[in-house]
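Same chain, two partners: chain A is paired with chain B first, then with chain C.
Up next is the complex of A and B:
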């Protein structure tokens, strides 16, 4: 007699089909094991926005009464397995429908498991993850996070590899045999069954002790209740921006106190202030108003407001002046310009090394244009 | 009737470095990565300045911009219903004029801008916009940000969706590949032809920031009701990497699919790449460059691309006014 819950934390739109494939297959496989289940997306995440973290759930129970009982809860408050399909969300997630940053493992039960698709090692991931009071396990499905668009799915076996790992870390949820049968029937079978089986064999778990985890960032706000709302549903405007400091010049836009957008980011712009020609394009074309105009006429991306779309890199006319770098490389949201002001040599060396490393890596948002999918799948399969 | 009083501090800007630095639409919105419509909002209000009232009909730029008691707007902003951007603009402009006439407000020019998406403007709100454009005693600007679908509710077909594009309402199937068989509605010329007294109607694109800035300013300073239709690449509905929002906007124009022009006091003036194309200075890029970068056209066969190309060619070669007026005059 038990009810088991799984949540999939994913990047809105980019991984919507991936998340749906995972939760759906869990329910199909559970039926083969003689259980009953349901899969659903979190209401507050819809309509999804590209990149903004979202969740889907799968609930599996022994009989319909138990399932109904657990479905009476609007959103699962604790889950047996949390699946995070993009490792940069280990830093915490801020959904678009409410305030504040939530730890990735917030809903993971004591003794539960957090599965992450990543090319990082467990210790590096734990640096990003918030500490938890209870122990849990961390499992890694090695791979580049799989991103694609709303219409064209990048079928790179990430879904079946996650499902294989899931059967290993939580055998009481669904059996491997039932899952492989489901993959055969629902997802085309063939090499996918092999991928799932291999992932099952390779997956291990690293126990995480209470208090282990390097992320201390908290971001909590008081949600205004209906009684505290103003007449006519007035929302207070953002204050006007102004100079960096009195008399210093430059321009810092006013910014929202309650919604930061950085947890949407999987890539971050890194700026070479030495080669910048002050053409204004990154600043002018940024949809998120994230560039401060510095007193010396440079443009400094505010890392709390930046959501990592990469338009600044695309419009920059100078080679390697703005480079999008994997968000996993960073541990803070500090100003690059201020660092560069204080220690130009140190900053320039760090920046050059990072840009070189990024060129060697394959990480992008996941797709450049439609033809790009085929090449990337080949690369992923060769991995 | 009060005399029309338009803003006097909104000069045309020469050179991208002279675009004002002040922001009145800031961070705190929850749009997609690379949202071109958010950029359009930002450029719009940057050009208009702080003495502006913005009215927004339902759509992404309402829902994602004011989620749960937060907002990116620095200036006063109000939500209005899906089809009522035109009526909200007229009402607000009339209210301001009346308050000033009665001495309850200082006499000063206040810009009134109502924005709508293609769902709110091209489909639902068309009649209200038409009514607003007939009220030539008020200054107002209606800006239609066109991302070619009902993008907020997860991409349904609108009157502005392109032929053959994938959407929740037109998923390509094995038997019927092209499920949206309608060609995009030709909105700005329709409004220009139907409202000859309107002094300014333009098309625009956020990829051309300076041009966009100047078009907004011309619309706000010329006097009377005005309309701007902007093409906004949508990374969610068009299915491309968000970093290419800027590039796709440029491609829409360079391929000749979207035509950039202003109609000032009854005179049509093409600008940007559209002008060079019309003058024969530059060639149109093949439409395939544009289509192949978007997942919503991934199901297109070479025949479909050829058909699309043919339609674009016809609009330049056979239309009475290339890219603008889609019929010819009988020789009889």
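Up next is the complex of A and C:
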């Protein structure tokens, strides 16, 4: 019996069409190989919200009965290939549909493959990824994450490049010929076929040993039973906040342990504490009440809570005082202000370099741009 | 009504990778539905997306009306049906309930509206997953009520639905129940028939002398009192009784024209022959149940499964025949009726009343499973069978209703 399962982990809305193209093409191609398959999204992930991690699956079997056997387990509990189309999700994902942080490779079965689209090298990616008890392979399709919107699709060949790589790392799923034929028929062919073919040729895999991986972060919740749950759909208010540091003042708001945290974030704000004028706008406007007030009256974005929406950057009146930076640059959620306190020169240098580097590049995650506000201001000034 | 149909689509039978919702949308195009009303609620809204896309792509022409609420949505198709338009609409969960005033009169006025219910848990709590209580609410109102298990079946039953509902001997609305997520959002390979096949199978809708039209001046839906109501109810009852025969006939012809279908339109039997324990359920939980049954058969257990397809009209004799001889019956309900006899599910009560006249009644247990979209797994089905085996062995029923996979 050979049933093969693939999951595509993607960012809600921005990568929905991308994920759909990938899983559907797998099923079409498998059909050409004489197999049968099905494609579906995780229902709990939908209706999607911008950037929230979500999943789609493709399951391929030799015959309908076999397919039925594996579909009986609706969310595949282990998959042959995990495809992650935004490397910042290597840090783990919280979707709508479960509580806690799921390692990106949680469903990747022993000996399976994790394909990531990324510009990082394998070792850098592994720093972000949780270790597993069993070996698997890591395969990188080089590129920046492909982000678009609900009604538009960035046709940058990410879909076909992933599909080409997939045929390489899991030839028993679908043959390259069947996939190329599918791309020809379903996706317009032409240079896309060439892209898929090239990606197939270039893709390699790096074996990952048991225990390898730098992310030890656990976030798990015990769900109450019907006897211990409060009646009448009640959720108790969270306790009030407290001082930033004991006896030193400042203010940290209370935050719920069970609400979704930070894995929606693909970029994070970096604050220049030297130029901040303490205008409070970021603190007021942050939709997730992320800014902790420091004892010296500055505002420190708490990375345990930040969803990466970019509002703080957009509202901050001081140039380059808040800058959104690719999440892939970071390995922890530590306080920027505390670092700055300890080592002002070190922090300032790191921060300025990073900001300059961000300016030089196109933003990796297309939806983040100061755009709206900046354009409005420009338009107003032009009038 | 609207008749411009482009001729280039559906000329050839094709194989598509689509969800149950897409399948029903395609059935709308194939059946050349005249008036479709929509109001978004998950998971039903998938069908309105696909319908509007098919219309935009020129697959068919219809009046596609996005109403301002479910209530208006169902009112509009009711009225359209009165003037002779083939209609389609649908909803889910509390949206379906919001339309209830219109839903009840649709059957009373004998309007063959076809609706898709994307089964969804009733709020509160706001949840999107499948539960059968929403669609179940029309069970006493004169609606056909069918539970689908696959995307292919969704398309096939939609085509059958217009044929049966619009039959002059029936003229009753038809609800196609599709499990949210498992059907509405999962894509599978579906054979799409040709328009020629569908035209051959599905005659035009004709209300004849009941059609509201300037050439046929009539009044529909007057106020009535106690001296009329019993007769009206009895008439609707008779139409539902006639529906049984019409369904058999329509299903036979369906198999002839399209070349697929089960032996019976009303139930699906799986490994029931010589079965000592038979599980009964509806909708997509058929899949894990069949797999569990298959595996238990491999271990030599005499287990079978009956899927009830038509909940209304309910095929008493067919169900009796399928279950006769079994020692234990495990009824799986993806619904619940608070405070009902033995605190159980609706299907369970229906089954118990169906089997009551049998000279030898089997032991019956009820399992509440998969509420709110929780998966029903093979191991859950095993647990049900083990529970009933134990009851059979000891001759003692510890509890009639068991909640499966619920956190204590």
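Everything that follows uses one rule, which is that the second predicted complex is superposed on the first by the 360 of 383 C-alpha atoms of A that agree within 3 Å, B and C clash if a C-alpha of one lies under 4 Å from a C-alpha of the other, contacts with A are read in each partner's own complex, and residues count from 1 in each chain.
Note that in this section a residue touches a chain if its C-beta (ideal position, glycine included) is under 8 Å from a C-beta of that chain, and two chains touch if they have at least 3 such contacts.
Keep in mind that what you see is a predicted model, and the values were worked out from it rather than measured.
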Combined model on chain A: chain C and chain B, fit or clash: fit
So in the superposed three-chain picture, is A:239 touching just chain B, just chain C, both, or none of them (first/second/both/neither)? first
For A:308, using the defined touch cut-off, is the partner it touches chain B, chain C, both, or neither? Pick first, second, both or neither. first
Could you look at A:223 and tell me whether it touches chain B, chain C, both or neither (first, second, both, neither)? both
In this superposed model, does chain C or chain B come into contact with more residues of chain A? B
Could you tell me the angle at the CA centre of chain A between the CA centres of chain B and chain C, given to the nearest 10 degrees? 70
Please work out whether A:50 is in contact with chain B alone, chain C alone, both, or neither, and reply first, second, both or neither. first
Please indicate which partner A:288 is in contact with in the superposed arrangement: first for chain B, second for chain C, both, or neither. first
A:350 contacts which: chain B (first), chain C (second), both, neither? neither
Shortest CA-CA distance in Å separating chain B from chain C in the superposed model: 5
What residues on chain A does chain C touch that chain B touches too? 46-47, 223-224
Within the complex, which stretch of chain A touches chain B? 12-13, 46-52, 96-99, 148-152, 223-224, 229, 235-241, 251, 253-256, 258-261, 264, 279-281, 284-290, 293, 302, 304-305, 307-311, 313-315, 324, 364-371
Quick one: which bits of chain B touch chain A in the complex? Just the residue numbers, please. 16-17, 19, 21-36, 38-39, 42-43, 50, 63-64, 66-77, 152-155, 166, 206-207, 209, 235-237, 239-247, 292-298
Of chain A, residues touching chain C in the complex: 24, 27-28, 31, 36-41, 43-44, 46-47, 65, 68-69, 71-75, 223-227, 233
Under the touch definition given earlier, write down the residues of chain C that touch chain A in their complex. 15, 17, 19, 42-43, 124-125, 128-129, 180-182, 185-189, 287-288, 290-292, 294, 373, 375, 377-378, 406-408
